[in-house]
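Per-chain numbering from 1; labels A, B, C, D, E and F assigned in written order.
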Amino acid sequence: MQSVSGDVHPEAARLSFVLCYEVRMLDTLVFGSVVFPLLAALAVYFVRGDAARNIIVPVSVAITAAAAVGLASLGSFSYSPQAILGISLNGLITVLDFALLGFIFLIALRMSNLLIMGLTALQVLGMVYLDFFLMDHGTQVTGFYADSLSLTMVLIISIVGGLICFYGLGYMKEHEEHLHLAKSRQPRFFFFMLLFLGAMNGLVLANNLSWMYFFWEVTTLCSFMLIGHDGTDEAKTNATRALWMNMAGGVAFVAALMFLQKSTGTLSVQDILAKSAAPGMKTAALLLPMAFLCFAGFTKAAQVPFQSWLCGAMVAPTPVSALLHSSTMVKAGVYLVIRMAPAYQGTMLSAAVAIFGAFTFIAASALAVGQSNGKKVLAYSTIANLGLIIACAGINTSAAIAAAVMLIIFHAISKALLFLCVGAIEQKIGSRDIEAMRGLFKVMPRTAVITVIGIVTMMLPPFGMLLAKWMALESAATATAAMPPLVIMLALGSALTVLFWARWAGVMLGSTVPGENPPAERQPFSVRLPLLLLAGGAVGLSLLSPFVYSMLVAPATALYAKATAYTVTMGVFENNAGVFAVYPLFLLLGVGFVYALRAAKKVGPEAASLPYMGGSQRVENGKIGFNGPMNGFVETAAGNYYMESLFGESKLSKSINVIAIVLLAVMLGGVL
Amino acid sequence: MYMLSNVLRNIMGKYSTRLYPFETRPAYEGFRGKLVNNIHDCIFCKSCQIKCPSQCITVDPKEGKWDCDPFACVYCSVCVDACPTHCLSMENQHRKPAPSKFVVSLQGTPRKSKKADKSAEKPAEAAAPEA
Amino acid sequence: MLTFIAALIGLALTPVVGGLLAGVDRRVTARLQSRFGPPILQPFYDVLKLLGKAPMVVNSWQVMSAYIYVLSSALAVLLFFMQGDLLLLFFVMTIGAVFQVVGALSVPSPYAQVGAQRELLQMLAYEPLIIVVFVGISMATGSFKIADVYAMEKPLLLSMPFLFIALGYALTIKLRKSPFDISACHHAHQELVRGVLTEYSGPHLALLEIGHWFDVVLILGLCSLFWHTSIVGMVALLVVTYAAEILIDNICARMTWPWMLKNVLGVGLVLSVFNLLWLYVS
Amino acid sequence: MSRTIIPFGPQHPVLPEPLHLKLVVEDETIVEAIPALGYVHRGLETLASIRDYNQMVYIVERVCGICSCIHAMCYCQGLETMMNVEVPSRAKYLRVIWSELHRIHSHLLWLGLFADGFGFESLFMQFWKIRERVMDINEATAGNRVVISVNVVGGVRRDLDKTQQRWILDELDKLEKELRQLMKTMLDDYTVKKRTVGVGVLTAEQAIQLGAVGPTLRGSGVAQDARQLGYAAFDELDFEPVTSPEGDSWARSKVRFMETLQSMDIVRQAISRLPDTELAAKVPGKPTGEVVCRVEQPRGELLYYLKGNGSKNMERVRIRTPTFANIPPLLAMLPGAQLADVPIAALTIDPCISCTER
Amino acid sequence: MPTHSEILNATPIAADAVVAQARSMFDQGYRLVTMSVVDLGDGNVDIFYHYDLNNEMTHFRLTHPKDKPVPSISPVYFAALLVENESRDHFNLQFDGLVLDFNRTLYLDEEITSTISAPFCKISTIQKKD
Amino acid sequence: MGLLENWINKGRLKSPWVVHFDCGSCNGCDIEVLACLTPVFDVERFGIINVGNPKHADVLLVTGTVNHRNKKVLKNIYDQMPDPKAVIAIGACGTSGGVFRECYNVVGGVDQVIPVDVYVPGCPAKPDAIIDGVVTALDVVKAKLGLGEMPKVTVID
């Protein structure tokens, strides 16, 4: 039922010697990662009732996570299940493919959305052409293949994603209480959430591009369903937008499949990468499908000009946003781009991808500056970071790929954390607006501090994100092509990110009298646990970043370039271009931070004073303000600058989209 | 950029600071500084009290007292102009700041007394910090 | 180890140098304005006095932020003396800048809040410039390590004069000098009182002041990299740079942040791109 | 959009005076500016009922230290009209000299504060440095630097002898030279113009409708100056109102700058024509009747309404100061301006709160 | 011939004509110099409206009972806002249609308005309490 | 510790930062206070800068009479100055209410609201007098720190 083929990679070759039981183990683990979530999803869907769900979800995410850890501990492998219950998997997936496309077509038909219908039809046609005319069904294509990159992805998907699902339990309960639903729609919700995890795992493990395509479309469907979950008009429109944009990506994917099949004769990722390594292979025939794949990746990763679907996805309940942003969906996009990176390494396409990613980085960062909606800030920041990842993929050196993978890991954790925080905040204060979070510390001290921790891990050293950003910038500086514009975009973009993060962190900590602590807050366990775990993870994993690097990231980059990106000695990253001393920094900053906290604690209430108000400060009903005209009390207010005239969505989006389209056109055109 | 020549000229030349109180510039002749009363010549006619816009002089002809609150005085010299005997005058130095307030209270010889120049020759001084 | 000890000594000397620089700055500024000016040691008197004042704060976050600001500025200086990585140094410096903003934002004082917003915009203006300058250096030397700069034979200024000007912009902003004393300035004669510093007082203000000295020395240190080949040249470059800063401070009005963004990012980035292209081609 | 509410004052480093505004800004654009007054209100007009009309001269001088001499002059001129006193012409010329010196010091003071308002510290220092020359003249000739108390009803209290006149001319020459060195900086410097041009625009029509006076009015191109009315010796001196048509902050600063030079010229004219007469006329009787009197202050037209009832106390002294008239135009300038422009716009009317509130 | 200083010669005006008059002055391009209020001591006040056109002044006198509201000209001349509020403070007058009524807090605080009904009404009232 | 304390005390005497509040002054004293900062008098010689913010200041310069509205502001500003601090009342108005002390809206001198350390007479007080005032205030501070004697009051010299 399974075979282990050792013809692809020496790593994998080693695996052919493994014992039979290990193979079975592998079998179980892949099953646990990919198919089990689907079964669990079916279980939650059919076994209704809160109690059952409260058991099924934690248990199944725990199993999935365990499977992921198991897979990761096994190391790279390649693996081809041939058939399930006697049905050939290839055939099964082909059938499912058409079924899925048909289902989407039906949805489009119901909404009488011509665009989606058209896009779906195109894909169907393409698949028909591919499956029945192009494909040589005799060739064996390894179904699954895993290296450090995919295993890292699996870990993120299963663990972070699992935590989000768990958080969803508490969250959705309250969410539905808010909505006063007659009948709980949670079974449907968790069905898609769990399905999503499985599909993502399948996607990142797939070696056969046509399998990957299948999983790809499953995530599209899941996201559509989840975005539209609340069923409001806005939810529906936004879900539809997400659908058509992703379907457009799907068309590109199908196109890439056709071209690849035609030019290389295989859809095996490993084969294609191996072939491309040969000199003289990086011709238009190979690069065109690569460009299409990148395009597909861009749509999924919500790169400009497709950013709007991801922002629109904000209407969905928070766990969905968290899932889409941190561990699934968008990460699929960048995964694909990185996965294929060796195939276009050193070409103009690579430079174009880098520029495009950098542009997304700066554009999305600028858009984030103009937002006061916390979730939107998070959304744009996600897009920006994905842009950065893509830029790294485009830079395409081992250091850059290392940066990209590090970004994927740390972004997933911090971003999931931030989304969950915003969700928790929103349920408490009824708003996701940053302005409404002013002085949140007084209301939700723990969540506020955790959110600030999340933000700080996003933007400051010595945390993983910054380590990754450092890698990115240094590799950009050594990039061979298009360096000056690339660097300037990255520099501007990172300054913009500091801007919007710092002000958010600042407003949360609002005033309390020194030495006085606000009352402790209460929170459901299923909300608090993921928050604590993720916050701990964001900090702890940063502390472990040298290990993360050498265990997960370095092997992943080894596939891309011979040279190792960084040597790590005693927690100090170093290569020719620079040094980043993680441990010393952690040590000094940590000690300093503790000292600063103690100093802050020491200042007691006797040192308290009101803010300076030109001498007319006044307190009324616990509100701080000043004595204004007519001796009236005026409460002071302060607002961040969102500079709508500069950074407003409506102002910027248009020009950003135009530039992005031009860049895309150049990218596609440049290949030919 | 036009300022450049100005600041450069400043730094080349000497600073224009008067190093008060280390160096003092000779006072201008007519400066209206500290108000002094040569109490010998005072006839307690009350002209100063009546004309003073700040109403800070109190003259008590019976007791022969002339009081002035130097912290309410606005140094306008109206009293000086009004004084028939020219016993009031102003120094050309400002009155020095003090850590507490007081009233300058001068004891002269009441007008009606014939032995005017005998008893109170020297001005009595009394520091009466205000309540 | 030796570098580490040397770096520690350097770190200890930095506030002394920073304070003296500030003192000289104030004296020279006074003379430029035809005033006698304060004693050269004045900044030390100020800081000592502030340290002796009773603490007065609006909330505890302020205090924490002040400490972190000083800490990270000092750390950045330490990294500089240890000839570490330029980008890393920059990121560490950012911690301080960010916490300055966080401290100001945590207070419900409109002046501090607006000051914080402006400080952020200033960061937006100078951060890209500094990064680009570092990239320029890395192009010239092949790495971001300061040690590699010292290994160069020719002074950097010769190959990156425009980037030096760009760094000059950043320096002016960091020094809070006209025309860029937008978020806070040395004397409170502006609409924001003292912007981000408004709500700090006593010892905590002293901390920020010391942190500022670290920042100034650090940026001047970065400038010094442009003429590393001889001590004389380095000193001359620094003197000229600092003198130019003081002069500019005295011959310009304070500008507004929209002007700053337009100008610093516009002119600065054009200069940098030009210089980068030049480096890139050669 | 997020709003920030800022108390501008009463204690504020930009303005030494307690002007208090409640500013509501969005990003940094002012959407609402509401003034609060009363921090300097003393109610000195009521002192008229317990001080006699001669003592009131010294009290109205203290309406404001910057324009004090001219307050006293206006009050005295009003009383002189009411009591039908002919002022000796030397006194008239001396009044011109001292009042113009006051204008010079007031304008220099303002130019400095204005420079400080846009953060040009060294320029501020320069203006105040050269202003000290005028202060020295005041101190040497009138006996005090600021509140000079030279006016009395019927004339003046002090004289200028020949050496003093020559010294004043000398000092003015030096002052003018130094002032001209700053002209380009104030009016042409790139950074200064960036901050002043187009800030706080007031058209001529608006200015009149809102009741603007003085440089605020003339900066909008309206040539109105109360000195044209020919009080004191102004009817015998040559001058033209200084105007500038732009109506923005730059125009107002230009008007004030030029007026400073013009005032020096007027002082020179006055000194050269100083007639030889008495210093003060005798004032018979007690004031009775109603008089309205106007003079040009540094900040614009000042109006006194005086009512005497035949006793030594005035029935009513009503003072309408120029800043009082200029505040409504200021309120019209602020909305839409940038926060950073608030000090600039506020300063361009040369606000004097102690005058406004008395 | 405009003069700087004149014995006041004011045209009497009725309360109901004040606003119309102001409007017509406004239309003719007059500048509102100010208003002056004098307490006549018999329960009436004199309110003067001083207008100016090219340095030539025109005055109107409204004699009005203190306790009756005065029509406000601030809707016509925004500049009247401050004077009218000031008169409210000092004479406790009421104005009808004042665009922004500080309600006697323009200059004065509780401490004064509660102890002195109108500081400018009677000479004796200004005598300080303490 | 002793050394540091000495240094701090030295700093206290050499760096009196001032905040100026115009408390209903006629501007006469105000502009003289400002004039002190400018080249001809330049009090920065003594380390004085006008910080414009009570939280940074050591010395409060008050000019003008206290009235019913600004007395609260005065108190507020005084309260926002961290210890140790000193107050200097400037001019006839600041010390006693000056010519205005009988006006209905006038409370009187600054000492009606907050404790005053030094009174500077004059109307307006000359910059020289203000400098003398600051010097006297420093003596007062010194005396309060136990480092010297309280400056003497000379009524007639």
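Everything that follows uses one rule, which is that contacts are C-beta pairs under 8 Å (C-beta built on N, C-alpha and C of every residue); 3 or more make two chains touch, one makes a residue touch a chain.
All values derive from a computational prediction rather than experimental measurement.
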Common touching chains of chain F and chain B: C, D
Centroid comparison with chain B (C-alpha atoms), farthest chain: A
Chain pair with more C-beta contacts, B-D versus A-F: B-D
Chain whose averaged C-alpha position falls nearest the assembly-wide average: C
Farthest-lying chain, centroid of Cα atoms versus that of chain E: A
Computed distance of Cα centres, chain E from chain D, in Å: 24
Distance between the centres, which are taken as Cα means, of chain E and chain B, whole angstrom: 42
Geometric centre distance via CA averages, chain E-chain A, whole Å: 70
Where chain C and chain D are represented by their mean Cα positions, the distance between them in whole Å: 43
Of all residues in chain A, the ones touching two or more other chains: 609-610, 612-616, 629-630, 636-638, 640-641
Chain E residues counted as touching two or more neighbouring chains: 105, 107-110, 119, 126
Shared interface positions of chain D, touching two or more other chains: 4-8, 10-13, 28, 34, 38, 41, 43, 46, 50, 58-59, 62, 120, 122-123, 125-126, 129, 144, 147, 189
All chain pairs that touch each other: A-C, A-D, A-E, A-F, B-C, B-D, B-F, C-D, C-F, D-E, D-F, E-F
Residues of chain F touching chain B in the complex: 39-42, 45, 88, 92, 95-99, 101-102, 109, 111, 117-123, 125-129, 131-133, 135-136, 140, 150-151, 153-156
Interfacial residue positions of chain A with respect to chain F in the complex: 609-610, 612, 614-617, 627
Chain C-touching residues of chain D, taken from the complex the two chains share: 4-8, 12-14, 25, 28, 115-123, 125-126, 129, 189, 191-192, 194-195, 338-343
Chain F residues touching chain A - in the complex, by the definition given at the top: 21, 53-55, 72-74, 76-77, 79-80
Sites on chain E touched by chain A in the complex: 102-103, 105, 109-110
